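Per-chain numbering from 1; labels A, B, C, D, E and F assigned in written order.
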Amino acid sequence: MTRDECVGLGMWMTWKCAVMDLPFGGAKGGIAVNPKELSPGEKERLTRRFAQELRDVIGPNQDIPAPDMGTDPQTMAWLMDAYSMQEGETTPGVVTGKPPVVGGSEGREEAPGRSVAIITQLVCEYYDRQLEDTTVAVQGYGSVGANAARLLDDWGATIVAISDVNGAMYEPDGIDTASVPSHDEEPEAVTTYADTVISNDELLTLDVDVLIPAALGNVITKENAEAIAADLVVEGANGPTTSTADSILAKRDVAVVPDILANAGGVTVSYFEWLQDINRRSWSLERVNDELEAEMQAAWDAVRVKFEQRDVTWRDAAYIVALSRIAEAHEARGLWP
Amino acid sequence: MTRDECVGLGMWMTWKCAVMDLPFGGAKGGIAVNPKELSPGEKERLTRRFAQELRDVIGPNQDIPAPDMGTDPQTMAWLMDAYSMQEGETTPGVVTGKPPVVGGSEGREEAPGRSVAIITQLVCEYYDRQLEDTTVAVQGYGSVGANAARLLDDWGATIVAISDVNGAMYEPDGIDTASVPSHDEEPEAVTTYADTVISNDELLTLDVDVLIPAALGNVITKENAEAIAADLVVEGANGPTTSTADSILAKRDVAVVPDILANAGGVTVSYFEWLQDINRRSWSLERVNDELEAEMQAAWDAVRVKFEQRDVTWRDAAYIVALSRIAEAHEARGLWP
Amino acid sequence: MTRDECVGLGMWMTWKCAVMDLPFGGAKGGIAVNPKELSPGEKERLTRRFAQELRDVIGPNQDIPAPDMGTDPQTMAWLMDAYSMQEGETTPGVVTGKPPVVGGSEGREEAPGRSVAIITQLVCEYYDRQLEDTTVAVQGYGSVGANAARLLDDWGATIVAISDVNGAMYEPDGIDTASVPSHDEEPEAVTTYADTVISNDELLTLDVDVLIPAALGNVITKENAEAIAADLVVEGANGPTTSTADSILAKRDVAVVPDILANAGGVTVSYFEWLQDINRRSWSLERVNDELEAEMQAAWDAVRVKFEQRDVTWRDAAYIVALSRIAEAHEARGLWP
Amino acid sequence: MTRDECVGLGMWMTWKCAVMDLPFGGAKGGIAVNPKELSPGEKERLTRRFAQELRDVIGPNQDIPAPDMGTDPQTMAWLMDAYSMQEGETTPGVVTGKPPVVGGSEGREEAPGRSVAIITQLVCEYYDRQLEDTTVAVQGYGSVGANAARLLDDWGATIVAISDVNGAMYEPDGIDTASVPSHDEEPEAVTTYADTVISNDELLTLDVDVLIPAALGNVITKENAEAIAADLVVEGANGPTTSTADSILAKRDVAVVPDILANAGGVTVSYFEWLQDINRRSWSLERVNDELEAEMQAAWDAVRVKFEQRDVTWRDAAYIVALSRIAEAHEARGLWP
Amino acid sequence: MTRDECVGLGMWMTWKCAVMDLPFGGAKGGIAVNPKELSPGEKERLTRRFAQELRDVIGPNQDIPAPDMGTDPQTMAWLMDAYSMQEGETTPGVVTGKPPVVGGSEGREEAPGRSVAIITQLVCEYYDRQLEDTTVAVQGYGSVGANAARLLDDWGATIVAISDVNGAMYEPDGIDTASVPSHDEEPEAVTTYADTVISNDELLTLDVDVLIPAALGNVITKENAEAIAADLVVEGANGPTTSTADSILAKRDVAVVPDILANAGGVTVSYFEWLQDINRRSWSLERVNDELEAEMQAAWDAVRVKFEQRDVTWRDAAYIVALSRIAEAHEARGLWP
Amino acid sequence: MTRDECVGLGMWMTWKCAVMDLPFGGAKGGIAVNPKELSPGEKERLTRRFAQELRDVIGPNQDIPAPDMGTDPQTMAWLMDAYSMQEGETTPGVVTGKPPVVGGSEGREEAPGRSVAIITQLVCEYYDRQLEDTTVAVQGYGSVGANAARLLDDWGATIVAISDVNGAMYEPDGIDTASVPSHDEEPEAVTTYADTVISNDELLTLDVDVLIPAALGNVITKENAEAIAADLVVEGANGPTTSTADSILAKRDVAVVPDILANAGGVTVSYFEWLQDINRRSWSLERVNDELEAEMQAAWDAVRVKFEQRDVTWRDAAYIVALSRIAEAHEARGLWP
C-alpha cells in the first residue's frame, strides 16, 4: 500500500462512478500493514484507531469508505461502530460493505460478478448474438469470475473454461459451474474438479465467443494480443489489458468492454447500501438485483450512444461518458474559492 | 408510572422491533402525573417542558418517542413542535403518532389491530384453515380488538363474540362488527347492542377456532388455561397469557401466537411514519397497509422457520428470532469503548 | 424587486404549496439589480456573495430557494456550490432549479405547462367534455403556454390559437403546435409562422371551449370579462384575472381554475428535485411526470370535493383547501414560544 | 421604532465601538410596541418570542444585543434565558445589560455618566484647567447627567446647575449633588430641591467653564449656539448639538467633545460584561471602574493625537480615529466572497 | 453508591457553589463498583465507557465532573482523554481534578484544608482572637485536616491535638505539624509519633479555642454536644455535626462555621482549574492561593453580613446567602419552557 | 517546500512548545509555490483556496497556523478572513501572526529577537557576567539579529559585530545598533554603514564573550568549531550548529544555549496572540513584553534545573525538559482508541 497506489485507485474509482452516474467521487486510503499478521484483537483496535484518524474527513455526506483488499464485512462493521460511537449516534451510512445485520446490503458480495454477466449479455445482444449460442471462457474463479460464470450459465451461455492460479478447467461442451466451488468456497480447487486441464495462457487464446479475464491485471499483453481468438472481451478484473494490447485488439476489431463499466456493479451496490442506510430502509435481494440491472442498462446505453456517435472503442466511449459528466458538473459549479 | 415499569416496557419494545427487523431499539419514559387532572394548557406546558428535559437524548437519529398511555396525537404534535422550535428547524421525525397534517402517518391508529388480523390470517393458513370456516372470539373492543375483528369479518371469518368491560356480546352465527361501535366510537357500548350477553370469562372459554385476547394483560391464567377451547390464540393485548398458562397451553398443543409478533403493527407503522418524516414524503393509506402486510409476512416467515426448525412454541420461536438478531448485530459491532 | 413584492410573492407561494400539500412554506428574496447589465463574472460573484448573506437562513431543512425572474439553472448551480463550499459538504438540496448534472430534476422546466395541461384535462373530464372535441386558445407561448399547448395537442385537443407579444396565430382547424417554436426556442416568432394573425385581445374572446391565459397578469379585466366566450378558463400565468373580472365570470358561470392549482407543477417538481437531493437518488423523466400527474390529481380531488361541498367557485375552493391545511397544522403545533 | 431608526442607531454604535477600539460592530433591532401597555407576562412572552426570531443571527460570537429604550435588566435576563434554553446551555454572553446575578456586570448602569466625567476631567487637564477651579452646568439629571455630575462633584468641580424637564436648579456656589435625587431615584424632582430655578434654555447659556448637555438630542442649535458661554462642551446625550450649531461653536473655538467618545462608557462596560461572561469570571466594581478609566484614557489619547496632527475639531478627530480603524480592518481582511 | 446518595451530594454541592458565588450548579454521579477490586486496565476501560455514557450530558459548558471517592487525578485524565477523543478536540475543561500536566490546577489537592485554615483565621479575627493566642484541636489528619493544621501552625496558632483512626496525639504545648506525616504521606501514623495518645472522643471535648472536626460525618452528636469545650467549631469534614447537636451548640453559644463555607476551597479551586482550561492559561501556585484567599474572604463577608443582620447561627447565615442567590437567579431567568 | 521538510519543522515546533510549556503541539504545512512569482490577487486567491482545503483540520481548538517563510501578516489576515467567512463567524483565533487591527498581537514581530536577548541576559547572569562587561557578536541583522542586538545594546552590553549577507561591521568599542538599519528597514545595508568590514567567518571566531548566530542554519561546523572564541553561544537562528560542532564545543566547555529555548519568543507570542483572540481582549505592548519575559524566565529555570541535576549540555537539558513534559502528558492521557 503506497501513497501513489492510493492516488491511482482513487482516480479509477472516479471514472467508475462517473460512468455509472453515481453521486460519488473517488478516493482511497489504507494502512501499510499485513492483516494476516494481526490477531483479531489487533485488527479491531487498528481499525478503530484508523476510524479516529479518518474521522474528520469521512462521513455519510463526505467520504464513504468501502472495503478493498484485506478488509471484510467485519472490518467495516468495526469502522461503522467506531465512527458511530465517536459521533454519538448510529451512522450506518458512513461505510459500505457491512454485514446486512448492521446496515449492509443484500447482494453486495455478488454484485461485481453480476454486473459482468449483465454487461456480457448486453454486448452479446448488441452484436446480435444469442446467449444460448455463445461460448465463454472465464479467467479467475473468485467472487467476480464465479458469479459471472454462474449467472451466464444460468442464462443459457456455454461456459467452456474457468481457471484459478493452478490452471484452467476446459470443457468444450460446457461446465456445470454450480458444481465447481469458487475460490471463496474452496480455495484453488478448480483444477481438481477438471477432466481436462489447460494453462491460463491457453485459456486466454481459446476460440470462444467471449473472453472474460476476471483474475489479475495485465494478462492480455502485446505478447498474446494477436492470439486472442474471442470476438468479445469483457473485463472482469481491473486493468487486465495493457494499453499496447488494447491497441492491437482495437485494430483487430475485437470489442473490449472496459472494466470501469463491466465490473462497476460493486460500487453500484455500495451506492445502494448507502441509500438504504441514509434513507433507513433495507431493500430485498430481489430489489437490489433489479435496480442493479436498471443501472447497468442505463450506463450501457450511455456508453453505446457515444460508441456509435464517435466511432471509437468501447473503452474510449466509456471514458468519454465519464469525463463529460465530470466536466459538465465542474463547469456548472465552478471552482471556488 | 414507575422507573421499573419503564425498564420493562423498554425491553418489550426491544423484542418487538427485533422480531419485526426494524432499525429501532427500545426505551420508555414518562411523567408521573394523571393527565385527566390537567387542563389542556397544563398538558401543553408540561409536554413542552418534558421536551426540554428530554432534548439531549431524543432526536430523529437517537431516540424517537411514540405515544402510549395518556398521550394522544395532540400531545405528540406539541412534543414535535417544542423540539423543532428548540432545534431551530422543523423536525417531524423526532416523534411518531402525530396528526397526519404535521407529519403523522395514515393508518397508524388502526395498525395494531390490522397486524393482529393479518397474523390471524397467516396462522390459519399455516394450519390449513380457511377464514371462511373459522370462528373467532375477540376479548376487548377498543382500537386493537375492534379493528382486528372488523378486518377478519371483512375477510370472511365469523366473529362470534366481542366484549368490553361490561361483558361480551355472543352471536353464534356471527356478529356484524361494523354495526357495533368500538370503545373509541362509543365507550362501553358492546353489551347494549347484544341480544345475548355472556361474561368475559365465558368468552375466553368459548369453543371457537381462534381466541384473540385484546383487552388486558394476564387474562389467560393457570385457572382457565385448561378450559381454553380455541385451537389458536392470537395475543392482541400485551401479555394476556401468564407464563404458567402458557406452559399449560403448550402442553395441550394450543398454538399461541405471541404479542411481540401479533400486535407489532403499531411500532411498524411508527417506523413507517418516521421513514415518511425523514425522507420527507408522505405515503397514501393504501401504501401504508400494503407495506405493513409485507412486513408482517416477512416477520411471520422468519418466526415460522424457527418454529419448524427448532420444534418450539410460537412464542419461543419469536424470541429466538428477536434475540438472534440482537446478538448478531451486537457481535458484528462489538461493545466499545 | 421591492420588499413588498417579496412579501406578496412569498404569500402566493404559501397558498400553492398548501393546495398541493407540499411540506414547504413560502418566502421570497431577491437582489435589486438588473441581471442583463452584469457580466457573467459579476453575476457569479454577486450570486456567491448573496449565498453568504443568506447562509444563516437557508438550508435543506430551512428555506430552499428556487429560481424566479432573472435567474437560471446556472445561477442556482452557483448558489448551490457557494453554499456547499461554505458548509463544507456538497448540499444539492439547498436550492432547486439546478442543472440535472449537479442535482437538478428532469422535467422541471416543462412542469408548469404540464400541470396546466393536466388540470385542463381534469376540468374537461369533470364537465364531461372529451379532449378530442375540445378547442383551446392559449395566450402566451413561452415555457408555460407552449408546453401546455403541445401536451394538450398530443392528447387530442384542438389548439386553435396561440400568441406572443406580437399577436396571435389563429387556425380554426387546429395548430400543429410542435412546428411552432416556443419563445425559448425562437423569441417572438409565433406570428411569423401564422397564416392568420389576430390580436391578443381577440384571442381572449375567441369562442373556444377552453381559454388558457399563460402570458401575463391582469389580462382578463372588467373591460373584457363579459366578452369571454370560453366555458372554461385555466389560469396558466400568475394572476391573469382581476378580482372584478373574476366576479363577472363567476356570475356568468364561466369556470375559472385558479393559478395556485393550475400552474403549481413548477413548485411540485421543485419539491421532487429536493426529494431527489436529500434522498440522494435521481428520478427518470418518466417517474417525474408520473408523480407529477398523481400529485395534480390528488390536489384536484381535494379542490373538487370543496367545490362540490361548499358550492363556491373553483378559486374559492382552492383557497379553502389551502387555508384549512395551514390552519389545521397551526392548530396542531400551536405558536410557541 | 422604524427600520430607518434602527439603521441610524446601528451606524452610531459602529462609530462608538471603533473609537473605543472594541471588537464589536454595530446593529440595532426592536419591536414596534409600547412596552408600557404590556403586562409583565406579555412582556416576558414577547421577549422570549423575539429571542426565537433572532436566534439564528445572535450569539456570543455573532451579535450581542444590549438594552436600549423600553428594556431593562429583567428584559435582558429573559432574552438570555430564552436563548440559553433554546441552545441547550447557559449562554450569558449572548446579551449584555443583565442583572449581575445572572451574568451582568457591576457598574454598568453608572458607566455612561462615569465616562462623561472621565472625559470631562481629561479635556480640562488638556486645557490646563484644574477641576477644583472649574464650574460645570449639566442639562439632564437622569442616569448620565446625575452620575457625571456627582463624580465631577466628588473630584472637586463646582456643579452650578443641574436640570430636568421642569427646569434647572441653579446654585452659583455649587450644588451638593449627592443630596438631589436623580430621575431614577425620584422622577422630575430637581426643581423641588432648588432655591433658584432657571429654565433649561438659561442653563445652556450659563457662563460656566464646562457645559454638559445630557438630556436630549438637538438642544444646541443655530438659535443658541452663539450664546453658549462655556469654553468646553462635553456631549453626554446622543446628538445634543445640531451640525449647524457645531460649525458655529467650531468657529467660536468652543471645544466640543463628541458623544461617540464622551458617553461611550455604556458600550465599553457592555464589552466588559461580555468578557466576564465568555471568560466565566465576574469582575469587582473596582476593577470595572479601573478598566473603564484605562479604556477612556486610551481612546482619549488616540483622539487627541489626531486632534493635534490634523488640526480639526474634537468631533472630526474622533471620526477620523473611528473610520481609520474600520478602514484598516476592512483592507486587511478584504471583502469576500 | 446509591441514587439517593447522589441526589443528596448533588444538593450539598449546590449550596457550596452558591455560598462561594461560583457559576456552577450541583450534580453527582457514580458507578456502583469497588475500585479496589479493579485492575488498572479495568479502571481505565470502565472510566472510558463511563465517559461514553455521560457524554451527552457533560461538557465544559454543561456539567463538569470533579473527582470524589474512589477517583484520583489519573481517573480524571482518562475521563478527559476519552471525552476529548470522542469530541474530536482536546477539551481539558470537561473535568477538574486532572494532573497539572494535562490541564489540572496547582494547589487543588491542598485547597479544602487551606480554606478551612483561612476561615478559621477569619472567624478568630471576628471574635478578636489572635492566632498566636489560639489553641486548636484537629480531628482527622488526612488531606483536609493535615493541610489545615499545618497552615494554622505556620500562621502562629498552637495545634494541641491531631488524630487519625487509631486515636489522637495530644501535645498541650503545640505539635510540630510538619514533622507528623499526613495520612497520604504515611497512612495511620499519627499515634506512632505521639508521646501522649488520647482517644478521638477525648479530642473532641478538649478545652481548646477552636475545634476542627475534619475526619468523618456525624461526630458531634447529642451525646457529646454538651461536652464540647471549644468556643469555635470549624467544620472541615462534610456534615460532622448532627442537627440535634447543632441546636445544643447554638443554645450554648458555641459558634459553628459550617462545612459548606469552611471546606469549599476544593470546589473553588475546581472552578479555578476550569477557568484555566477554558481560557487556556495555567496559573502559578501563588496565584491560585491568592485568588482562593480572595474568594474565601468574599464568601466570609457575605455570610458575616447575614449573620449580623439576621441574628442567626453561622450555618443559617450561610444557607441564607446560598438560597438567596439561587432564588434571585431563578427569579431573574424564570422557569421556561 | 517538501513533505519531509514539513515533518521536520513540525517536530521542531513540538520541542519548542514543550520547552516553553505552551499548550500547543507542532505541525507544518505549505504550498509548493514561489510567492514572489504571484500577483497580490493570485496570492489572495491561493490563500483563500488553501483555507478551504485546510478547513477541516484547522481551528482555534484544533490546529492554529502561524506565518513562516513566504507569508506575512496580510497572508494571515486573508487566511483568517476566509476561515471566518466559511465558518460564519469571525474567528481571529484560527491563525496567529495577523495584523493587530484584525486580532494580531503587539510585539509579535520583535518577539524572537527579544527572547534571544532575554536568554542571553539570563545565561550571562548564570555565569556571573555583567551585561555591562560583556561583548557580543551577532551574525545576521534581520528581525532576530537586529532586535536581539538592539535590546542587548539598550541593556548595557557592547555589540562589537553585526553582519548581513555582504559581510560584517566590526566596531571593537561597540556599535550604535539603533543607527544601523535592519534588513527589514533597509535590505543588505550593514556593511555600507561600517568603518571596518570583516567577513561572516571572521565574525564567528571573534574573541567576544557571547556569540549569537542569528542568520542561517549550519554555520558553526566541524571546520570552525575549534576556532570559536566566545565563551557563550546563544542560538538565534534555527539549527546554526551542526551536531559535530556541538560535540566539539561541548568538549571545549563552550556553553551553547539551543535554539528551541533561545528563539522561542516567536511561538510564545503566537500563543499570547491566540489567548488574546479566544479571550477577546487585546494586550498592550508592555504586557506582551512582561509576560514574554516571565515565560522565558520560567523556561530558563526549568532547563537550568535539569542542566544542574543531570550535568549535561544546555541543549540536552532543554530536550530533557521538552521530552519529559510530552511523555508525562502522554502517560496521563494514554493512547486511545
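One rule holds in what follows: contacts are C-beta pairs under 8 Å (C-beta built on N, C-alpha and C of every residue); 3 or more make two chains touch, one makes a residue touch a chain.
Note that this is a predicted model, so its numbers are computed, not measured.
**Q** Show me the overlap between the contact partners of subunit C and those of subunit D.
**A** Chains touching both subunit C and subunit D: A, B, E, F.
**Q** Higher C-beta contact count, A-E or B-F?
**A** When the contacts at A-E and B-F are counted, A-E has more.
**Q** Roughly how far is subunit C from subunit E, going centre to centre by Cα mean, in whole Å?
**A** 73
**Q** Could you please state the distance in Å, as a whole number, between where the Cα atoms of subunit B are centred and where those of subunit C are centred?
**A** 45
**Q** I'd like to verify one number: the distance from the centre of subunit C to the centre of subunit F, where each centre is the average of its C-alpha atoms, in whole angstrom.
**A** 67
**Q** Mark out which residues of subunit C touch at least two other chains, giving numbers and ranges.
**A** Correct list: 48, 52, 56, 82, 85, 279, 336-337.
**Q** In their complex, what parts of subunit E are in touch with subunit C?
**A** It comes out as residues 336-337.
**Q** Write out the stretch or stretches of subunit B touching subunit E in their complex.
**A** Touching subunit E from subunit B are residues 45, 48-49, 51-52, 56-57, 82, 337.
**Q** Taking the touch rule as given, give the residues of subunit E at its contact with subunit F in the complex, in rising order.
**A** Per the stated touch rule, the residues are 44, 48, 73-74, 77-78, 80-82, 85, 89-91, 98-99, 101-103, 279-281.
**Q** Where on subunit A does subunit E make contact in their complex?
**A** 52, 55-56, 85-86, 88
**Q** What does subunit A use to touch subunit C in their complex?
**A** 21, 23, 59, 61-62, 274-275, 278-279, 325, 328-329, 332-334, 336-337
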